[in-house]
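Here the chain labels run A, B, C and D in written order, and each chain numbers its own residues starting at 1.
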Amino acid sequence: MISFTCDYNEGAHPAILDALVRTNMDQQPGYGADSYTESAKARIREAIGRPDAQVFLLTGGTQTNSTVIATMLRDYQGVIAAQTGHIAVHEAGAVEYTGHKVLTLPQREGKIGASDLKSYLEGYYADGSYDHMVFPGMIYISFPTEYGTLYSKAELQQIHSVCGEYGLPLFIDGARLGYGLMSPKCDVTLQELAGLCDVFTIGGTKVGALCGEAVVFPTGKAPEHFFTMVKQHGALLAKGRLTGIQFDTLFTDGLYLKIAANAIDRAMEVKSLFIEKGYELFLDSPTNQQFIILPQKAMDALAGKVAYEIWERLSDGRAVTRFATSWATTKEQVEELRKLLPEDK
Amino acid sequence: MISFTCDYNEGAHPAILDALVRTNMDQQPGYGADSYTESAKARIREAIGRPDAQVFLLTGGTQTNSTVIATMLRDYQGVIAAQTGHIAVHEAGAVEYTGHKVLTLPQREGKIGASDLKSYLEGYYADGSYDHMVFPGMIYISFPTEYGTLYSKAELQQIHSVCGEYGLPLFIDGARLGYGLMSPKCDVTLQELAGLCDVFTIGGTKVGALCGEAVVFPTGKAPEHFFTMVKQHGALLAKGRLTGIQFDTLFTDGLYLKIAANAIDRAMEVKSLFIEKGYELFLDSPTNQQFIILPQKAMDALAGKVAYEIWERLSDGRAVTRFATSWATTKEQVEELRKLLPEDK
Amino acid sequence: MISFTCDYNEGAHPAILDALVRTNMDQQPGYGADSYTESAKARIREAIGRPDAQVFLLTGGTQTNSTVIATMLRDYQGVIAAQTGHIAVHEAGAVEYTGHKVLTLPQREGKIGASDLKSYLEGYYADGSYDHMVFPGMIYISFPTEYGTLYSKAELQQIHSVCGEYGLPLFIDGARLGYGLMSPKCDVTLQELAGLCDVFTIGGTKVGALCGEAVVFPTGKAPEHFFTMVKQHGALLAKGRLTGIQFDTLFTDGLYLKIAANAIDRAMEVKSLFIEKGYELFLDSPTNQQFIILPQKAMDALAGKVAYEIWERLSDGRAVTRFATSWATTKEQVEELRKLLPEDK
Amino acid sequence: MISFTCDYNEGAHPAILDALVRTNMDQQPGYGADSYTESAKARIREAIGRPDAQVFLLTGGTQTNSTVIATMLRDYQGVIAAQTGHIAVHEAGAVEYTGHKVLTLPQREGKIGASDLKSYLEGYYADGSYDHMVFPGMIYISFPTEYGTLYSKAELQQIHSVCGEYGLPLFIDGARLGYGLMSPKCDVTLQELAGLCDVFTIGGTKVGALCGEAVVFPTGKAPEHFFTMVKQHGALLAKGRLTGIQFDTLFTDGLYLKIAANAIDRAMEVKSLFIEKGYELFLDSPTNQQFIILPQKAMDALAGKVAYEIWERLSDGRAVTRFATSWATTKEQVEELRKLLPEDK
């Protein structure tokens, strides 16, 4: 059985395990004061070209999103997101649990538009009773989005510019950041992206780590006492070395982007084989998540041999499915899929 | 430099790293549905002798405490704890952040007494305006306590009995559970402890794991939809295998207790050497945390060579210090401490 | 200057002031244990024909909604409401502040449909990852809605029936309940409405009281320790007599519905005069809020003489406006409006 | 039956009812934008001698405390209070419900000392792991305290000075402010008190109003968008005129302090009569709450004729009782108590 269900089916990139083994008995202080975490932070600062950036290493995605959002918002504020944004749908209300509303905007292929954002903000402040409503307090976008799509540099600039007009911080959820940056359709570099937001995350869990998300405040404007609030949110590891060693490894010799590239190469092969065999794409994703419309016949053929996710059942009996590749996906796995998949006719 | 500052200075027990390496490329579903997590849960149920127990694997201690407490309390309830309880002092207000008060009782060497608990509860319900106050909703104790001390079986039975009278669940924080169970002064077994509470945790982080706390509901009475609330609290790992593999290893062939025993052996040696050299114990701890009163001369002698924690400065210039051992502490480290420590005279 | 801006422009119905004056020096216990509150509760139970109903008197609408919703939901649940529901838009995120998401459904003239509700619930439970999402925990509808419209008895029965299928309580926000019940288009009685939901409110603030909302659990299933949680939400008056006396007065000799009828009579006159003068209705409201589309010429004519609310600016230069009547609106005020309003041509 | 159980047994001072009746049909905007509220705010600013003060009118005490505290604290902060402080004991955990810890200090007769406060703060920042704990974020004291006692001007200055050293705002809960200011033992004026804190409240509910607490930020430093957060806390009245008219009346011609004086005069008479008859004071309160130790014989004599509060049962069979007077207490009521009370012998 081969699985394309998600990008966290395997453990960690072997270099990470090697580093964990190698450093294992080295005594280090807890709570992120270890030398590996320090090194990881320095490497991330260097990778984004911002010596003044503040970097924090947390454990998981929902945890990171709710901690960042709750600590950056004031009580009277909510966070703006696409209706399909992860925080709006699949985080069990973690943001609301911290007392804040997720204010949703319409989306297209998982993305919000700068003009919709601007309309929303103009409309909000034009409303005579806006102070009876939740103030917009920050903007959340994901890169890549939940549909695998990417904002272009121009789109990021436009959104960032609207945020600037209204004094709202822009938060980019990079749970799959590597897979976005290595896409052939990506026209923004890591350094540029760091300059187009106020806080962003570098996802480890889905890009080769056992766990771990790096939170980066590129201009050094983390909320005061962010460390204590990370603890308050239950997001502080006693053995900070666990995330420290992993990000230190991922940001040594460009490993993070190198292994992300594998996922993209495999994803493009997956996309091609579906196209070649006559299948319809649900949308044309440039990253590691491929959304394909499968008829029952194809699903029957793969049953018990290839795992993937059913995204949505269509009324004609077909289903929108997701095939995800990762740093760990092999050419052999893709070839096996190719062999098992019948022509769509 | 040798460190006795805490029991999380090293990485993981080598058997855990071996297991992580061995299983690394095995494809598994996420969010705790992997086979390692299933196996770990089964082994824990077997170890406590309760086939109906529910087990959940979370990542860290503060996270686990606040998730368990918040999900077991109703809005009008708070949690009773010793004034020195970890949740009352050193978790950055994580319990309060979820909307609940920590109701504190006086403590002796980190422990609360059944009679103090009973007095509190009687007094509460005797107060004519109790419904203007926070209702006691559960009891939190730690085993061992923050001072390394242990409740005897009789003490646990008395507390459990008071809880029963008032219909209040008893939660035992076992962040260092192994170190308690392997103490020569411990008169309760893991199975017995499981029968004397409504929920308890088995600490992994401090007993050989990279991270991880097992939450056990011995009688299967986890709060409804606990899984979703774990996610809401940011405590659900995408790669649940990370904690699954670790607890599966720790509960194979009794590894958890075996490695805990090492910490106890080393701690007793540490205690002995301080006594032999004429130092005063702050209290007589039977577990892996030893609290010693050190004069400045001794601190000067150790400076730069042995690390430990300053717990409290005394007015006579001496300090209460904590020396913690762990699964990883070696006889050589204790001997080195012995060599460096001057006689106290 | 005459104001039609809202239904809380004046103080209280004179009978309420009389009662406050008459009872003023009578010594009574606090926190709702006074005899007036007891009497008010008894009268409300009688008016709805349910001797086992539980009644609580709170102060304001947002307070009441967030207290009821927060205390009826479990942590993993959110409340379903129309996109235009008051709790979703105009309560400054009060529900989210208590940790719960407002799950919105599409609306038509402020109402949700039973079939949309059912689709939502079916879709939710059909989603393979529903336990990563916010569980629907209760349904909120307003009667009349924010657009002055009313659910028919059949519509209420259908919604209530879907709620029953899924075990979800139905909450009817009756901030303007009297104005709904006295509408000529209303086909449900107070008693019937009480039988079609699990909790509802009887709005005092907008129907003749200085302040006060009665929360009614018709079948006596208030959340345990609701009193204490009302206090925790800051919603418990020390002088409970203030709301007790008011509701006691409003529910003596049918005053509540009698004074509500005045608002409806005046509202129908307002609607008629706009129609007669050739204006377009934004929608045909059967209650005390009338939504009229006004051109600039009409707004100029009324400027400085008649106050109303601008609801929304249209792209053609006209505006959707709201004219609200109340228990206090006089025929003279309506006649003055008629005189001042030019023909729309 | 005469009641001395509390200072909110009656309705409102007649001048308030007169004003409510007189202004009743005047049309006014909602949510505190009415002219009475504006006038009340101006009068309060004038009374405290601070033209730049910001004033907000809320409804009840617990509501006001939790709203002020929650909006002034950052997430990582708690509020310091006496162990007997109202927010620490009798508000059903309302502060914790907003996510913040109440950090308690020892008290003497309900008061905290500047030196205890300073020790706490010094100790906090001297603790090596202070960033794992709840940061002190503001200081809460009550004036008078829950035991009727008063801080002297010197004590307030000392506390205020410690607050200043640590940059912590001082919040004075004046639920019974008038009764404090009119005490013969009070050596601070309203203007002086306003200069010795960052925010304070002027209690209306217990000093002649039906409901209402004025929140005063003497130097104009209310939290940004306090209005919206008041709404979010369910503390915003639609008919703001209700509190506006009341405070406008109370601050016209010094009514607030005049009626407070009556309570003090009666309280001193009550104290004297207990002393004269040989009873023991629990403590010597200079304000409207008198704490007397009563033997069973006295309680039997008063049973069914005079109501008061049992504060605490003593082991010798006697009870600490509280007799509260108010703006409404008459000389006749005190004389009746004198007649009914036997000599204590």
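Throughout what follows, a residue touches a chain if its C-beta (ideal position, glycine included) is under 8 Å from a C-beta of that chain, and two chains touch if they have at least 3 such contacts.
All values reported here derive from a predicted model rather than from experimental measurement.
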item: Contact-graph separation of chain B and chain D, given in steps at minimum; value: 1
item: Longest centre-to-centre distance from chain D, chain (CA-based); value: A
item: Centre-of-Cα separation between chain D and chain A, whole angstrom; value: 51
item: Distance between chain centroids, defined by C-alpha means - chain A, chain B (Å); value: 34
item: Residue numbers of chain B (touch at least two other chains); value: 75-76, 91-93, 97, 99, 131-132, 228-229, 231-232
item: Touching residues (chain side chain A, partner chain B) in the complex; value: 1-3, 5-6, 8-12, 14, 17, 20-21, 23-30, 59-64, 66-67, 91-94, 97, 205-206, 210-211, 228-229, 231-239, 241-242, 328
item: Residue ranges of chain B touching chain C (in the complex, touch as defined); value: 31, 70-71, 74-76, 99, 131-132, 135, 224-225, 227-229, 231-232
item: Chain D-facing residues of chain B, complex; value: 75-76, 78, 89-93, 96-102, 128-129, 131-134, 309-310, 313
